[in-house]
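What follows are several structures.
Paired with chain B in one complex and with chain C in the other, chain A is shared by the two complexes that follow.
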Partner chain A sequence: MAEPSPLAVRGAGRLVAHFWMILGVIVVAFPVYYVFVASTHSVQTILRPPLPLLPGPEAARNYSDAFSGGISRIGGVSLWRLLANTTLVALGIAIGKIAISMASAYAIVFFRFPLRMACFWLIFITLMLPVEVRIQPTYKVMVDLGLIDTYPGLILPLIASATATLLFRQFFMTIPDELLEAARVDGAGPWRFFKDILWPLSLTNVAAIFVIQFIYGWTQYLWPLLVTNSNEMNTIVIALKKMISFADADTPWNLVMVTSVLAILPPILVVVLMQRWFVKGLVETEK
Partner chain B sequence: MRRTVFPHKLLPWLLLAPQLAITLIFFYWPAGQAFRQSLLREDAFGLKSTFVGLANFRKVLGDPNYLNSVRVTVVFSVLVALCAMAVALFLAVQAEKIVRGKGFYRTLMIWPYAVAPAIAGMLWLFMFNPSFGTLAWPLRQLGIRWNPLLDGEQAMALVVAAATWKQISYNFLFFVAGLQAIPRSLLEAAAIDGASRRHAFWTIAFPLLAPTTFFLLVVNTVYALFDTFGIIHAVTGGGPGKATETLVYKVYNDGFVNLIMGDSAAQSVILMLIVIALTAFQFRFIERRVHYG
Partner chain C sequence: MAGILLNDLRKSYAGNQVIHGITTQIADGEFVVIVGPSGCGKSTLLRMVAGLEVISAGTVEIGGKVVNDLEPRQRDIAMVFQNYALYPHMSVRENMAYGLKIARLPKAEIESRVARAAEMLELQPYLDRKPRALSGGQRQRVAMGRALVREPAALLLDEPLSNLDAKLRVQMRLQIKEMHLRTGQTTLYVTHDQVEAMTLADRLIVMNKGVAEQIATPLEVYERPASEFVAGFIGSPAMNIFTVTAAEGRATLPGGTVLPLPGLPRIGELRLGLRPEHLRPAGPGQAAIPVLLRSVERLGADAFGYGMIEGSEAPMVLRLPGTSGLGRGDRVEVVPDPAHLHFFDPQDGRRIGD
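For the complex of A and B:
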């Protein structure tokens, strides 16, 4: 954003553009802000529309109640446990994906072996098999392997990703031959070359893929819905849905709102704080 | 083609092993099972299955409920893709018009990307909840009989709004990048020739955005088809009636709730064909994108 775009305008036109951007930002960010506001009011205030536009006085009470057993009463599992489960799943998926797709891209780009391209295509075609199109048989595999209600069950099927492998392959192919030759002349084996040369060069890509996959893991819905039966193994998104679907007149909406805020906040922080890598990674490399 | 490689023969297989194992166990095996099941029919007790050829497909494609769900999916996807792309393009153009504060707007604009679809749905249902939703209240005051839990069209409007809201961030980032990639010289030349800004946008910038637009069209369609399951499941559960039952929701419902395996498998196979077509389409345009790039 160094130099102004050739589309930049002056005077009144710029003010109008600011007006539209502010309106857009309000529409886009309002629902998130609004849930935060709701989480700081009492149930009675939430149930009597319209809700005030500013945070209320109940924040401390709602949040401490939610963390100290309020969520366990309505959802059968503590908020700490939900956050830990979701963090573990999101980190497991992000790190697992990066590890296995880097390894396979490394094998495909820097080695020659029979069936090399066949392996590449085998991985590539999985782009066309999202979970949604093979729900039932995949579920049966999970049952047969005893993976229902386990962390590996939540993580493993989601860490095979053609996209990440393709990205790393694409990036590895831009590494000049001379670099590898020089490393080999110096007696570096595959591990040394990876650790000392390739990994440091890949860091930006790794950061971008990490953000994208962390969000992907944190926001999973269909898969955790299928492979978890016990409340203890729920991710926060699923737990939230369960709390609301049992909603009657006496749903403690203030606690539900606290849970929503905590389900939304971590991934937003990751995206906002790692924005530079995220945007670059998304726009330059995705798909 | 790379000239220098490592000479190892076993190591590459070890490196590939984890990904290949997961791919075979969790992708190819279940996909194969879906194909197999789509050609079989189980008896009432699930004990014996017989080969029925394409009968399941004929049954599914002749089922009015399935055709309803095709219609729902088309309406939903077209609305989501169009709204999300139009709003994002408009905002991206506004963002390019300003000089200061772009980073600030972008930071706020990317929030919804990080929100889970199911939660996006719940947020919108919370705001527009007929009994205590703050934004349902003004609608009621305007004399609209607002109840998305009973009215199919209102339910559709609500899930479309939630799905669109969530996708604006993604489209916005791509349109901004697309606009920034347009060569300055072209727009400057147009300005020197005295073309109005509006004219210059529609005749120069917009056509040059075509690769981005096509790319986003495919991505948004895939998003509307598959990633919105959480929104539908959390907000409407496919209802009221079957007014918001999309294809993916129906596969889930028939396979897990109604337990009709043959039908569900046949529907899975049809979905697979749709994904394959979309992916092929997408890669054709990727090639083009490189040319413009």
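For the complex of A and C:
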């Protein structure tokens, strides 16, 4: 038998603990469930309150309609295109952030150069500035570079990340100096040290940051809204917003709900698939 | 393989000098141990040879080539670190092969060298394990293997045994000695442990506060320590050293006892050093050093008596037979062996006389 945890609660305490836990799960999960339920009913059912609590019979029709042109009719762009756009943007942001923040953390931790600490603080200070503060100048830069309605325009302004740089810096600082020295004696230059030693040791951290940043990229709203004019370049979140900006009765709620489900699904998949690594990266300090 | 030449090697941190000019020549195949208390600069000296610390002044030559401005990898050295610094994500085999892989040695050559080192260090069963699945002693051997497969001009070891337990340390010490005899590898070894220093070294560099106090064979260091510091550092228990007032053929000890002593190098104040093992019980009527014992440590074969010269605060350690019945409060009279007297200058601590 497994050893009881020292925090194991017995009797009434256990019931109370479970009650609160289940309540919390319901509060968090019910709206998501409701979205799914709504995506399986016809518009008429959705518009006639109350909305049933159980999935309806229209699932197959709603989903096949959404994928085969239903969304294009309202939003002017296919659901496939939306998903592809968003995936590309989210991947671009996540990978770009990891690349840039790892490179800058590597420079700050392992190299001695003039103004090293000044660079670090400059990066650090940007943590305090929300994206919205610099949105006008950033927009202007994108216009001048002709990047409106392009993938680089959607991705580039979002990939500088003080948070990820800071996380990698903290992790790199836990690498013992002697490991670096051993690699130097073995003949590894800066690039080899990064590739052969630092990168393999960072993998769990990379996974954790990838998950966080993928979701961050997937759920971007304000920036894609500003930088895209053409429907073709919309991300799924923007498309959702555009779909419901009609009068209530004209909104094809069943298709909106299908789109919502599809907007929620990929982040969940990423979390579930990478959960093991993600948790490892956040808690483990194995060396 | 090659010799190493240190020429007036100095190191300063921000104007603060920590290594004050060390000059010595290490012959091809020689095993030299740098020994000293913590903070004496011994590791810094080794790291300067390795190329991990910048040399402030002076030169290091390895194999007849000045290497001051070369990266560690260009110096043809290998190093074993105190905490081993194994690559945690690589297997034992990969750890040992990494340096050779970077040096672009042919695969077959890498494999045969790793196999040879693994055999010598009895690591064959662990080649595919990760360092975290190894015991401390096994990790230490992997670190040794990683250095040996490089077949470097000079092998540098920085307190390689200090993280091991006492029994393993003795075992590894013997293994290192044996390995040196087999490979004839020029070796520079840093330790604070005088037993390691005495047993392993062909020659010792005894360091104190950034200065090489003495560079000589272990026996010479023991028999003719060049300074009071060396005398106190090498030897266990440590040498008894106290101030005496010398006159013609005799010396006044702390507490007022007058002892006839041969070979006094000068008249006046002197520091006299007597090793515990060179003191014998006095015969009847013989002029002797009276010692009041405060405690006796029994180690089985030997016992060590700790006390003071009667009538003074000068501490004295005596080596007694293991069966000695002496204890706290007893008074012992001892005479020094006239062949093993050490005299030091009271001002600069240097050895005087012969």
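Heads up, the rule we're going with is that the second predicted complex is superposed on the first by the 263 of 287 C-alpha atoms of A that agree within 3 Å, B and C clash if a C-alpha of one lies under 4 Å from a C-alpha of the other, contacts with A are read in each partner's own complex, and residues count from 1 in each chain.
Everything below uses one rule, namely that contacts are C-beta pairs under 8 Å (C-beta built on N, C-alpha and C of every residue); 3 or more make two chains touch, one makes a residue touch a chain.
Please read all numbers here as calculations on a predicted model, not as lab measurements.
Partner contacting the larger number of chain A residues, of chain B and chain C: B. By the touch criterion defined above, A:181 reaches both chain B and chain C. Once chain A of one complex is fitted onto chain A of the other, the partner contacts of A:192 are limited to chain C, with no touch recorded for chain B.
Looking at the shared chain after the overlay, A:200 reaches chain C, while chain B stays out of its contact range.
When the two complexes are laid over each other on chain A, chain A has residues 181, 184, 287 in contact with both chain B and chain C. The touching residues of chain B, when paired with chain A in their complex, are 2-6, 8-9, 11-13, 15-16, 18-20, 22-23, 25-31, 33-34, 37, 87, 90-91, 93-99, 101-103, 105-120, 122-124, 126-127, 131-134, 136-138, 165, 168-170, 173-174, 177, 179-180, 182, 184, 187-188, 191, 197, 201, 205, 215, 219, 226, 229-230, 233-234, 248, 251-252, 255-256, 261, 264-265, 268, 271-272, 275-276, 279, 282, 286. Taken together, the chain A residues at the contact with chain C in this complex read 176, 178-179, 181-188, 192, 196-197, 200-201, 286-287.
For chain C in complex with chain A, the residues that touch the partner chain are 50-52, 71-73, 77-79, 81-83, 85-89, 98-99, 102-103, 132, 146, 150.
By the touch criterion stated above, chain A contacts chain B in their complex at residues 1, 4-9, 13-14, 17-18, 20-21, 24-25, 27-29, 31-32, 34-35, 38, 46-51, 99-101, 103-104, 106-113, 116, 119, 122-123, 126-130, 132-141, 145, 156-157, 159-160, 165, 173, 177, 180-181, 184, 189-190, 193, 215, 218-222, 225-226, 237, 240-241, 244, 260, 263-264, 267-268, 270-272, 275, 278-279, 282-283, 287.
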